[in-house]
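Listed after this line are the structures, all set down as structure tokens.
The following pair of complexes shares a single chain, chain A, combined with chain B in the former and chain C in the latter.
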Partner chain A sequence: MKFRVERDVLADAVAWTARALPVRPSVPVLAGILLDANEDEGTQKLKLSSFDYEVSAQVSVDIDVEEPGTTLVSGRLLAEITRNLPPQTVEIDADGAKVVVSCGSAKFTLLTLPVEDYPTLPKMPQVTGSVGSDVFHAAVSQVAVAAGRDDTLPMLTGVRVEIEGDTLTLASTDRYRLAVRELTWTPENPGMSAVALVPAKTLADTAKSLTSGAEVSIALSDAESGEGMIGFEGGGRRTTTRLLDGEFPKYRTLLPDSFGSVAEVQKAEFMEAVKRVSLVAERNTPLRLSFSQGRLVLEAGTGDEAQAVEALDSELEGEDIQIAFNSAFLLDGLNAIDSDIARLQFTTSTKPAIITGKPADEESSSDYRYLIMPVRLSS
Partner chain B sequence: MRLVIARCSVDYVGRLTAHLPLAPRLILMKADGSVSVHADDRAFKPLNWMNPPCTVRESEEDGTHLWTVTHGKSGEKLILRIEEFLHDSSHELGADPGLQKDGVEAHLQELLADHITTLGEGYTLIRREYPTAIGPVDILCRDAEGGTVAVELKRRGDIDGVEQLTRYLELLNRDPALKPVRGVFAAQEIKPQARVLAGDRDIDCVTLDYDELRGIEPDVPRLF
Partner chain C sequence: MSRRQLERGAVLRGMVGATGIEPFPAGDGHGADDDCPILHIDMDAFFASVERLRCPRTRGQPVIVGGTGPRGVVYSADYIARTYGVHSAMPMSRALRLCPDAVVFPPDGAGYRRVSEAVMDILRAVTPDVEVLSLDEAFLDVSGARRRLGGPARIAGLIRARVREEQGLTCSVGVAPSKFVAKLASTRCKPDGVLLVPSARVTDFLHPLPVGALWGVGPKTEEALRRRGLRTVGDVAEVPVATLRHQLGDSLGTHLGALARGDDERGVDPVSVDRSIGAEETFDTDVADVEVIHRELLRLSERVARRLRDSGQLGRTIVVKLRRADFSTITRSCTLAEHTDVARDINSEARGLYDAAGMHHERLRLVGVRVEGLADSTEVHHQLALDEPEAGWREAERAIDRVARRFGDDVVRPATLAQREENDG
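Showing the complex of A and B:
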């Protein structure tokens, strides 16, 4: 195998593929990136692949192939090397047990891993629909923030993806907060409906890394075809991940639909104030909020310790309310909304509150909702 | 166990010399012969001490009590000059039953057996402590499809636990009445290495919430 490729193109492709390399490979070949230089559909391409039995990643770039072939080399090492090469044309020449990477006056010789031992990457399921990559990235990051990180309830470490015609709904919860985002997409079949539970971390990484292309195609395997899998493709990059098992909580019933008070606060000011006041809130001690007409008072700390208080302007419709939150969860929610004005809707101080962005016009409802459970007001 | 609270100064004479100036301190003289001098901090760690075997010689010098603790082998000395006794009492503690670190593990086994569906819907218990030639398996149960499942329970899930379960599985899978037997490694916390090894051997990992199994309500309110 022998080919030439520009350093930036190669470094990007290798870095992206290396993300799916397992941290602790149970079989040595899994630590490798598979390089495949061949002619595919009339163009000469280099395909790079990695796989850890959960997540697979494959990227293809156009190159000049001098001699087609396939080789497997340590992914981490290749990523380190390509990242540090000078900005010139890279020549890769594989010959049996050795791969030579030359660029400018630098030359590296790497050992190869046995290609024949490398597992076959799972086939990409049939494309189910597509969505703009930036919209998808924004939506996924808004939702993934609320996913659980604790393996006690594995289904909570996932993002629930619901497809209903041209509406895509993403939801995740760690039992303290719940984030839901609805967006429109272009399904292959307008009448389709499907659900999947995708590992949140993988989904967040994937959505972020696919913003190089304009569109992301989503491919969901049929429920009947055995093992659940979801694939994403965009800008020459494709990745698949195994779906999570388990019943996702019936979250829609958790979302309240009537409220006693609705407050609106400038988001940036509010976040700054939360960060400042919560400096005195030790871990797990609450940040207390008092909403009254025209005014929001934030407080933290108790009589025995340091205390902080700050007042902000805010609009309030309905009853005055006092409520307390974990400040980190509150900040996550405020950070996720895509409006300059945060709208907080309350029923009572012991019931979950909803944070949304103030919609552009009063008629439309916000497509992102962040439900947050209050903590007890410590007296 | 003799507990003495006294204003004293302490000198250590041996491979190194150390001096503690006059101050009130707790002196513990244990049944094994050891002597340790504690300040009012540092939990279990004494300021200075002498390990057994050692002998204590009490004498008096210009009105101050002098205790000389001499190590039986090395001859190193801990010398306590006591100005004033504030407290002095002795108690017979007898033999200690020892620290039970596995109390939680036994309780987890009991709880998981009672709530066997934590592992999955339709699971049924065969028995706890299922005997094999190399020791009992923590829990043997059946999954929803009727397949046999061997469960190894740990507080902290380490590589050793996976190895242990692997040995049990190998043995259990020789029993035609039980096989095929699948393994589940259940722990409150599973180390990444153990997770990799378990995955490689097709053993499922389950993280257990002890409080949830015990039915203890969390301090922090939750959505559901």
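Showing the complex of A and C:
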């Protein structure tokens, strides 16, 4: 195998593929990136692949193939090397047990891993639809923030993806907050309906890394075809990930629909104040909010500890309310809304509150909702 | 040599002087106690003394408080019983062999707590800087009370007089520059004594003591020190700290080196009222049945949770203690994400710890459940979860507390713990 490729193109492709490399590979070959230089549908391409039995990643770039072939080399090392090469043409020449990477006057000789031991990457399921990559990235980040990180509750570490015709709904929760985002997409089949539970961290990474193309195709394996899998493809990059098992909570019933108090606050000011006031809140001590007509007071700290208080302008419709939150959860929610004005809706101080952006016009409802459970203060 | 053996059994009041224990110089303001603001108050044979007070017919007879079952243990023995060789933590069967005439009382925790509270109130009237160690022991820092009440030795006398007059009980008081020396001093002057260790005499007082007297030295460390030829605190003080650290590990070596020189930086900490709340049960006969042990853990968790709620505290670390038939003991602990005072939570952790300890089907002599990392309920907040019912186990258990206060303990209890009635169809 022998080919030439521009350093930037190669470095990007290798870096993207290396994301799926396992940190502690269960078998040594999984530490490798598979390089496959061949002619595909009349164009000469280099395909780079990585796989850890959960996630697979594959990218193809146009190159000049001098001699077609396949080789497997340590992914981490290749990523390090390509990142540090000078910006010139790179030549890769594989010959049995060795791969030579040359660029300018630099030359690296790497040992190969046995290609024949490398597992076959899972096939990409059939494409089910597509969505703009920036929209998708924004939506996934809004939702993934609320996903759980506790591996003993695996179903809470995922983002639930629901497809209902041209509506795509993403939801995740860690039991303390719940984020839901609706967006429109273009399904292959307008009548389709499907659900999947995708590992949140992988989905967030994937959505971010696919913004290089304009569109992302989503490919969902149908439930009957055995193992659940979802694939994403965009800008020459494709990745698959295994779906999570387990029952995701029936979250729709948890979202309250009537509220006694609705407050609106300038988001940026509010976030600044939350960060300042919670400086005195030790771990697990809550931030207390009191909403009254025209005014929001933030407080933290009690008794013989340090205390802080700050007041902001805010609008309130309905009853005055005092409520306490974990400040990190509150900041996550405020940060995720895509409006300069945050709208907070409450029923009581021990019931879930909903944070949304203020909708552009009063008729429309917000397509993003962040539910946050309060902290019950000791009496 | 254990701390117990340091007790002399004869009344001792005075101060450590150049030639041994001397009586206090006449009058207050002798200055010997100027930099000795720490008092350690230790009630004399507390449980036994409370029982004797309530039961005057025991006058002149030995009194023992403890479990009366086949594996009961002595909790407290009065000074008459001690002359027979009875001491606390001894099996009751052995105590009664040594002292067959003793009057034995089953322990009355609530009664002792009431008396203890009254004594602690006397101490808190002297200064708010009271660190309660247990029902019968406390440290005081009287630095702030001097102007009002006089020097520390005089305050010790006032406390002893008030405890005697108001509660009819005696206590012993150690007066010293640091907590650890004050505690050794009170032990030394028991019963009904008071001993002042002026700062200039701290090393004179400490160095002849056996190493076992040092705080943190248990039988194993004592043995390790003995093997190196270190028998007294003075021996330890002569060893460079670097050597102690090398031989005993960094933290223990540093700690012992400091103590042996009389250095104890710990202040009196009034907030640490309880550092933990626990309960344990010694079975009448060893138990290997997992079911029975699960049930006992539940009963102990219920008891611990109720005590937490009664004292207005919540804890985060659950500790399980398991003692095998051969007395080898293991403890296992885990720390929760949030504080709790709910028996159901404590029990599920305790049971999990037992199940994970690999001791199923091993014969156990004792099991214990303890909750540590305590915080006052006014400082503990609860992050609500989405799937959490409005009223959960916490509310249910609080309701049971109210029923118990009106109708007596054990009216409502988990079905697993209900005793089957004879006529229960």
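By our rule, the second predicted complex is superposed on the first by the 377 of 379 C-alpha atoms of A that agree within 3 Å, B and C clash if a C-alpha of one lies under 4 Å from a C-alpha of the other, contacts with A are read in each partner's own complex, and residues count from 1 in each chain.
Going forward, a contact is a pair of C-beta atoms (placed from the backbone, for glycine too) under 8 Å apart; a residue touches a chain by one contact, two chains touch by 3 or more.
Quantities reported herein were computed from a predicted structural model and do not represent experimental measurements.
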Three-chain arrangement built on chain A, chain B and chain C clash or fit: clash
Touched partner set for A:376, first chain B, second chain C, both or neither: both
Touched partner set for A:302, first chain B, second chain C, both or neither: second
First (chain B), second (chain C), both or neither touched by A:350: both
Partner chain(s) touched by A:234 [first = chain B, second = chain C, both, neither]: neither
Partner chain in contact with A:26 - chain B first, chain C second, else both or neither: first
Chain B versus chain C as contact partner of A:285, first or second or both or neither: second
Partner chain(s) touched by A:152 [first = chain B, second = chain C, both, neither]: first
Partner chain in contact with A:326 - chain B first, chain C second, else both or neither: both
Partner chain in contact with A:176 - chain B first, chain C second, else both or neither: both
Chain C-contacting residues of chain A that also contact chain B: 173, 175-176, 178, 249, 254, 284, 326, 350, 352, 371, 373-376
Complex contacts: residues of chain B adjacent to chain A: 190, 192-193, 196-197, 199-200, 205, 207-209, 212, 219-224
Of all residues in chain C, those that touch chain A in their complex: 338, 377-387, 390
Complex interface listing, chain A residues touching chain C: 173, 175-176, 178, 249, 254, 284-286, 302-303, 324, 326, 350, 352, 371, 373-378
Interface residues, chain A side, partner chain B - complex: 23-24, 26, 53, 150-154, 173, 175-178, 249, 254, 284, 326, 350, 352, 371, 373-376
